[in-house]
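Here come two complexes built around chain A, the first alongside chain B, the second alongside chain C.
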Partner chain A sequence: MSKTIKRYGYVLAVAAALLLPQVVSNTYYVTMFCLTLIYIIIAFGLNFITGMTGQMNLGTAGIFCLGAYTSALLTTKTSISPWIALIVVIGVGFLIGVGLGYPSFRLEGVYLSLTTIAFAEAVRQLANNMTDFTGGAQGVRNIPPFTVFGYEITSKIQNYYFILAFVILFGFISYRIMHSKWGRAFIAIRDNIDAVSTCGINTAHIKIIAFTLASVFGCVAGGLYAHYSSYINASTFTLNLSVTFVVMILIGGMGNLWGCILGAVIVSMLPEFLRFLGEYYQLTYSILILLCILFMPGGILSVVKKLKRKR
Partner chain B sequence: MLEVKNIHASYGKVHVLHNVSIQVGEQEIVSIIGANGAGKSTLMRNIMGLYHPRSGDIRMDGESILRLKTDQIVKKGIVYVPEGREVFPDLSVEDNLEMGAFSRRYSAQKYKSLLEEVYEIYPRLKDRRKQLAGSLSGGEQQMVAIARGLMSEPKLIMFDEPSLGLAPVIVDEMFDVIVRINREKKLPVILVEQNAFAALSISNRCYVMENGVVTASGDSKVLMNSPEIKKAYLGG
Partner chain C sequence: MSVLEIQHLTKRFAGLVAVNDLSFAVKERSIHSLIGPNGSGKTTTINMIDGVFLPTEGKVIFNGVDITGKPTYEISRLGLGRTFQNIKLFNTLTVKENLMVGGQMFYAKSNILRFLFDIPGARREEKALSEAADQVLEFMKMQDVADKTVGGLPYGMLKMVELARTMMTKPRLILLDEPAAGLNPSERKQLIDILFHIFESGVDLFLIEHNMDVVMNISHNITVINFGSKIAEGVPKEIQNNPEVIKAYLGDRYQKQA
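Up next, the complex of A and B:
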């Protein structure tokens, strides 16, 4: 019963997402929607390592940045297609996962968080200061768009549907992984890491798998972002952005795809709805987020679940 | 089968185990009794590679496992059912059991027959297989922890305080199962217990630990009648 409801839920969500830009066709809003979709992919990835496995990752902006720069530089410096660059981007995500995961996932708690922050900052500084290669503070301009069957994806609405296709694909992949042996091992690590190793499972190995998934998702999102906005600049990828990603899954509900979607939508759209508050909007926004975390530590989804149980 | 030779272990500067040696042969139940803080759990944790002793050697089937990591030791066939019902509360009973089999690459058929085997030992777990382990009673969680240990087809199984915090009726059941596992699966068992009487009555041999030292060892029946053991552990 509840399974069929869930399936309908997914179908409804996709239908709503397909209709959205037809109903709200204001270009400014469609731009926002595109960015939200990109953030949803990142949240899906972060969900593996932070949401399910319980390892705090504050380096997502660095992952996102590397993905964006890899794709942007490859397609502007050489004339290869964004599709081929995308394959390279996936490879970069894999390398970050294994290369950064191996040394850092022997660390725990706050030391891990610090390492991931350091990684993201290092990436941002490199992007900002290797002027000859990355364009420095000027960023990378004129990044070519993706082409699908010979058509260039240029308008905002085209981009929206293009990115939405990726969201659906990555949502499906996430769903399959979450409900696999791996997914259950991720949750087991969050629940009780000592008991995981006494089950004969190499915990460092599982954490690295979760982290690699997060970095591949983050890099792909970065690639999509670069070609969608056609211009990137290192100042986008700050620690602030990394924290925002964590807030997304925290607010929506950790370890759940709906939570990721809800969190990404709320965190990216809320500032828009609060804009009428003028200069008080930043303050109101922060207070709202704080209240959310204080009173719904399991995320908005946990409240929905509680209401369901009461009924 | 398992041989612990003269190990010394410490947490920082505090010496916890002094020259401890124990042996476990094929198919026997060996109990380790002693008061709180005697070093029983530390000994288990050292065997499992959760801590590494400062000196001494630990051998399984003649091969040293001293420097191996926990997951590699489990692959050598030693399974540890930790104290305090360490289940995964957010996973269902069946998913908890799956974790026990994670490191073995069983065929689907083999996996199913193992699952049936543990459900036969604990039929109650079969009824609750879809339930989250965190929602079970203490006794049932302990069953999950034991069943999970059996899922990797161990060659030796160690129980750390399986009776801790359980109702007396359930404690009896727990010990019955341990004996049954030992007999039916011909599995050697190490049983760490504070409940000295129960431990002595089901084990073949026993080691008595005090302040990190093995102070007595031998046949459980003999120990049970020794005046010192009676006085210190069996209430007169």
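Up next, the complex of A and C:
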């Protein structure tokens, strides 16, 4: 029963997302929606490793950055199509996942977080300083758009629908993985890692899978971002951005697709609604986030669930 | 034939000798208990058998295979299950989901790529896993708590869930670390029944236990250790009357019963 309701919820959400740019067609807002969609994909990925498996990852900006630069450099330096670049990007995501997953066997908690920060920072510095290869602080310009059946995805509205298709695909993949033996194993590692090995499960293997999913999702989002904005620059991919991604799933609700979507939407839209506050915006935003985390440690979704139970 | 053979097992933690040259064998089709005072090295022994600790010296042979130093998950796949002294469960999952985690390496073996692309196959696998969990729940008479979240269950039930999860790993032998600790008399009775039930289904049992009612009632063989060394071994009656065991551990209470 509740499963069917949940499924209707997803259908409604997709329908709303399809209609959105028709209702709000202001280019500025559509641009923001596109970015929000890209963030949703990242949040879906991060949900596996931080939301479900409970391994804090503060290196998402580095993953996002590598994905964006891989696709951007491949398509600008050679004449490869963005689609083929996308396959390479997935491969890069896979490599990062294995590489980042490896330290997670030995490191826990704060030490793992620091390792992921170091990774992201190293990526950003490389992108910024390998001037000959990456364009340095100038970034990469004139990144060609994706083409679908011969049509170039150039306008913001086309981009919106194009990225939305990826969000739906990755949402579907996430849903399947979360509600399967993999999802259960992720949560089992968070709940009690010692017991997982007695079930014949290689915890290292499961952690690597969670990391790999997060980094493949993050890299694909990076690729989409590069071709959508046609210009990328290393200064985008800061630690601040990594923290923002964690905040998304934290205030939305960890371990839940709706939480990821809600969190990504709130975190990327809230600044716009707070714009009228002028210079007090940053302060208000931070306080709101702080209050959210203090009073809703399970995220906004936990409040919704509580209300449901009371009824 | 013995299902588990411990040969000259020694564990030293820096200067402390926790287990000292311990050897014993768990016979096939038997319930074997390891008893001894607190701090005598019982849990350390189980941890060495299960691959949590690497023994300083000695060997562990399970079903004819040398499992010394193998990782826990590999040992578990060979059919050696285990429960913990301080119950280790997945608290945010339901009872049935806990069991399904227990059985996923045994009933749902596809890798992640296969899972992503073969959707009907994945569904079939999930169904097989779910059915296996239902069977174990029925075997343990726990169907009514199947969909309850583990976090909110009473202590006695948690022990049962842990045992049920171990049953999902198709075990040949289960190591039980103080299964009766913290149980009230009626729960203890229930535990004994279920342990016999599991034993009759073809699984051998090896337990560490402080509750002598349980130990003397169900064990075929008992090994007693003190300060990490074996001081006695035999059937319950011999152990109850062994002067050294009485002095080190039992006291004279259980001698009278014999």
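One rule holds for everything that comes next: the second predicted complex is superposed on the first by the 308 of 311 C-alpha atoms of A that agree within 3 Å, B and C clash if a C-alpha of one lies under 4 Å from a C-alpha of the other, contacts with A are read in each partner's own complex, and residues count from 1 in each chain.
In this text, contacts are C-beta pairs under 8 Å (C-beta built on N, C-alpha and C of every residue); 3 or more make two chains touch, one makes a residue touch a chain.
Remember, it's a predicted structure, so these values are computed and weren't measured experimentally.
Q: On chain A, do chain B and chain C fit together or clash when superposed?
A: clash
Q: Going by the touch definition up top, name the partner, chain B or chain C, that contacts more of chain A.
A: Higher number of touched chain A residues: C.
Q: Looking at A:185, would you say it contacts chain B, chain C, both, or neither? Reply first, second, both or neither.
A: A:185 sits against chain B and chain C alike.
Q: Is A:209 touching anything from chain B or chain C once the two structures are fitted on A? First, second, both or neither.
A: second
Q: Figure out whether A:173 sits in contact with chain B (first) or chain C (second), or with both, or with neither.
A: second
Q: With both complexes superposed on chain A, which partner does A:196 reach: first (chain B), second (chain C), both or neither?
A: After superposition on chain A, A:196 lies in contact with both partners, chain B and chain C.
Q: Once the shared chain is lined up, is A:125 touching chain B (first), chain C (second), both, or neither of them?
A: neither
Q: Just to be sure I follow: which residues of chain A are touched by chain B in one complex and then by chain C in the other one?
A: 181, 184-185, 187-188, 190-192, 194-203.
Q: Which residues of chain A touch chain C once you look at their complex with the stated criterion?
A: Contacts found on chain A: 173, 176-177, 180-182, 184-185, 187-188, 190-192, 194-203, 209.
Q: For a test of understanding, state which residues of chain B touch chain A in their complex under the given definition.
A: 48, 50, 69-71, 74-75, 79-80, 82, 86-91, 95, 98-100, 102-104, 145, 148, 152
Q: Which bits of chain A are touching chain B when the two form their complex?
A: For chain A paired with chain B, touching residues are 181, 184-185, 187-188, 190-192, 194-203.
Q: In the complex, go through chain C and note every residue touching chain A.
A: Checking each residue of chain C against chain A gives 50, 52, 71-74, 76-77, 81-82, 84, 88-93, 97, 100-106, 108, 112, 115-116, 119, 122, 125-126, 129, 165-166, 168-169.
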